[in-house]
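What follows is chain A paired twice: with chain B in the first complex and chain C in the second.
Up next is the complex of A and B:
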């Protein structure tokens, strides 16, 4: 999409390869971080944050290419991307709010009931070895109300 | 009706009952209790047309010739309605065979014959007689049914079926093509099935209908194979001669062109095979051994249906077929003797079984089988007297057997559905008209002079006697009778060069069956026929005495029904009693029927006509027959007359024989063991294979997606991030593939 052949600033050499490379690397790092975040994090808002991060990484790449080819088209597309990201943010946050209203928590793993019936629920009951509790608990003076234990609620961490 | 031509009348005879049937089917429910009107109107009009045709044909045949036989000119009228099927150049017959077109060059282009089936009706004396019987007896049965089926919920259906049956039977006897005959052969079988199973919710009736249809099918198989053989042998299936496009005559199988030529009919192995298959078909339809098992069970149907179908008309289709094909049979003496052997054996066995039956309708059913056996025995003698005597007996039997059946229906109606003779007695005081007409019918059946059965039975005995003792009759007649082998060549009708009746056709010479045509066999058959005559009188009068004489007893089911039947039922009884009493004497003394029938093209053929003998009354045979009948009546009276009618029966004196007769010679058990049980085993095996093997295969194939899905299903964990991961992996693979493409 060749918008115009109006040259950009003559101070910076158009088509400078090292600049392109560096900018693409930055964009790729941002994109990768966002991808890993979506796949790994369980908090819905953080997942959405990671998606936005992916979009920003793409925007950086687009700007880099636009600068390299001397074509405004890339940067115009970035404006489009930002606009769409804003609308998408509105929709996604409504969705997150509804999800929270339904289950009372922001955990993506709370929505597992759509799995196959022969599979067990994926739980993180197993605490990591570093969090293993010592054999003996410190003896404290009794204070307050004992916490209620057991039940399905305890199978998931309440707050992430 | 001078304005209606015989051709139109011939078409109207089957057409009007068909229209009546269709109207009854459409309007039945609307008409309600008047649903009998279209059917009776149709059959009545058809009866009027049939009688008119009979008189017209009689006028064409001319007057009777008294006691002297003369060759009679054949009388026939063909009416072709439309061409049903036609295939050009279907079959190239070998040169010189009966199927080749006469007058064409051997091996030329025009030798291929076309396969054409015209829907053609043929009117000749035999057809006219059969049509009159069918429509008149059908009309009387229909009138009777108005009273008998009065309260039945299936009232319109019954009349539609009766009307449909009259149509089918009329077309059967009028058709002039073997394939059309086969179509209506099946049609009457289907109507019989529907009428036997009329009360289809009763399991015995449904089973009886199924049995009748299946046993008939075995006969139909014979007719089908015979039709194929006839087509291959003669190149056509028409009875009559047809004109081809270029003016040559294509001889029909039973047309005048072929019959006039003595060598036109094929004998030998092929001819005997055709005749035996036709005999099989006739056995199925006319309930002869061993295909007789359906007729006693067919009594589950309504009594008027039994009277019409299983006494007067459908079961006579076999007799009609053999009479129509008489030139074919005369060319094969072995097959003729088989016909007689089957007939006489059936007559005797059925008469023996009838002596111990307690169900009035079953007695009449076995009596029908026995009398049909008589007709077959007469047909098998192969002489003009034999054929005309069989038709004579058919006519008289139609009247008195229909009378007997309708009388039994009247008794059954009055006794509230009970037909076991041991449960009622002395009914002549309650039902005088039924008793009187039943007695007339019984006297006719037993062959007591001067009732109808006496004369027809006398003629049958005479023709068998003539075959058994050929020399005894030379003193009776001016001309030596010429049965199968012409020993004396004094008759002016025999050709000078003494020839056998087998044709010089494709296979000349006789078959091994011809060895049966010996006087010793015929003498055995004669004594069997005489014994059967005595047994007939016995069981008939046993039934009459048990039912109508003795102290008056009425079963509880009768309720308030135990009175004489209404006039709509007794009027047909009286109308049938008149010909039962008088027809025999009248037809015999004037010899009208024999002379009339001898003008049928099948019977006017020289091969058959030269066996004709002058009409005479054989006093010695009449004495023998009457003596046998008298002995039978006396024994029945000793056992069952009057006070003894409700006492334990004398048949117990028979001892173990009584069990044999009462179990119908174990025919049903033999069939069950030999045929039904093995077939059921095969059916169960097939069901097992179907359920486990074939369905198992299909189910196994269905398990493949289930298995595959089970593997893939594990990926569905419910965690959104794992799904996203799968998508990312997919994108990664595409990117790698693209990169590989670009690199490489």
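Up next is the complex of A and C:
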């Protein structure tokens, strides 16, 4: 068996309890953040990103246990998690696009006609005007041809 | 670290305080319709306090360098993960998620999973995230939509997340400091060595199964994947194919149905 000559602390070797503990904490925090995101955000795509964040937390925990037990099972499972996440993203994004084509919104509440009869209808309150667009865009030092600016440029920026 | 400076605080109290301030910080930072700069700063302060609490409950890995590396990558992952769910713009949320992926990849590298660290970047940030950004480009109304500026029940969700996180961290904190007896159980790598599918046995030492410094680490992962889990690899390939066909079918059928809907609508309104 090859023995590494590189100095590494025994705590980082296989079966290290502090490493497992810390990595599990990180995985738990990522999972909880994803849970909060999927519960509370209303944009379908951000909800989906939160689900992916939960998967990342799971991956960290699985690899930590795999390292602790000196077993490849956890890492192999994470490879399959990656595969299934790719499939799930492809299929679900198609559904999101179809939903957007039907309602013109990425809002989960746009589909609230599917709710239970006993549940109250979600009513959006009036929002103050959006301050999303900053008053001034950052200025870059001029280089190349001066852009003509105007309509199309602003339209692109409004998408961000 | 901080726990040494505050000997009077028991780990349980520290954890409870950290989880509570994390929930409060999320509640303050989540989009709630009104843009309040003071609330946002307070939320960030509370979030920093929560992170300090979690760091204080963490255990020392050994040398200062190992601690610093792990702390850096996990802070990147956690802070970017929080920014993913609190930011208003979905495009920025996707970018923050890419940042969280780099942090997670760093954690995986520290844990000795080199292949997975690289695969996370390549597959997630390179492929899945680009798909998200494409969909956002196709389906994003101009400006910030009202549903991006209001979240549903932020208080209840933050409390639910805090309860889950508190339970998880409590049970993780109960893990004993002793190396478990399970590590002495012969690893499955030994069983793989006798696998008739493989002609050249690689590892026989179970403890060296996941040595982050081994030269042939990825080769061992590959032999495990294509040895014991060969059938699962085939099934995963089949799943990818089915997902591809399904996505194409849903798009083509859906557009036909959409056209039919529109046609019947114009007939009804026109007639």
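By our rule, the second predicted complex is superposed on the first by the 108 of 160 C-alpha atoms of A that agree within 3 Å, B and C clash if a C-alpha of one lies under 4 Å from a C-alpha of the other, contacts with A are read in each partner's own complex, and residues count from 1 in each chain.
Keep this in mind: a residue touches a chain if its C-beta (ideal position, glycine included) is under 8 Å from a C-beta of that chain, and two chains touch if they have at least 3 such contacts.
Note that the coordinates shown come from a computational prediction; the quantities given were computed from them, not determined experimentally.
Trainee: Chain A superposed: clash or fit between chain B and chain C?
Mentor: Result for chain B and chain C: fit.
Trainee: Looking at A:122 after the superposition, I want to know if it touches chain B, chain C, both of them or none. Which is it: first, second, both, neither?
Mentor: Both partners, chain B and chain C.
Trainee: Which touches a greater number of chain A residues, chain B or chain C?
Mentor: The partner with more contacted residues on chain A is C.
Trainee: Thinking of the overlay built on chain A, is A:68 touched by chain B (first), by chain C (second), by both, or by neither?
Mentor: Once the two structures are laid over each other on A, A:68 reaches chain C alone.
Trainee: Taking the superposition as given, does A:112 touch the first partner, chain B, the second, chain C, both, or neither?
Mentor: first
Trainee: Return first, second, both or neither, reflecting whether A:33 touches chain B, chain C, both chains, or no partner chain.
Mentor: Once the two structures are laid over each other on A, A:33 reaches chain C alone.
Trainee: With both complexes superposed on chain A, which partner does A:51 reach: first (chain B), second (chain C), both or neither?
Mentor: It touches nothing on chain B or chain C.
Trainee: In the overlaid three-chain picture, find the nearest pair of C-alpha atoms across chain B and chain C and give that distance in Å.
Mentor: Least C-alpha distance after superposition: 7 Å.
Trainee: Of the residues on chain A, which ones does chain B touch that chain C also touches?
Mentor: Common interface on chain A, chain B vs chain C: 35, 39-40, 42, 108-109, 122.
Trainee: Flag every residue of chain C that touches chain A in the complex, lowest number first.
Mentor: 26, 30, 33-35, 54, 57-63, 66, 70, 74, 77-78, 81-82, 84-85, 88-94, 97, 100-101, 104, 107-108, 110-113, 115-116, 119-120, 123-124, 127-128, 131-132, 135-154, 156-158, 160-162, 164-165, 168-169, 172-173, 175-180, 182-183, 187-189, 203-215, 220-221, 224-225, 228-229, 232, 236, 239-240, 242-244, 246-247, 250-251, 254-255, 258, 261
Trainee: Per the contact definition, I'd like the list of chain A residues that touch chain C in the complex.
Mentor: By the definition above, chain A touches chain C via 1-2, 4, 6, 8-26, 28-37, 39-43, 45-46, 48-50, 52-53, 56, 59-60, 63-64, 66-73, 75-76, 78-80, 82-91, 93-98, 100-102, 104-109, 122, 124-125, 127-128, 130-133, 155, 158-160.
Trainee: Taking the complex as given, what residues does chain A use to touch chain B?
Mentor: Against chain B, chain A makes touches at 35, 38-40, 42, 47, 108-109, 111-116, 118-119, 121-122.
Trainee: What residues on chain B touch chain A, complex-wise?
Mentor: Residues of chain B touching chain A: 713-714, 716-721, 724-725, 728.
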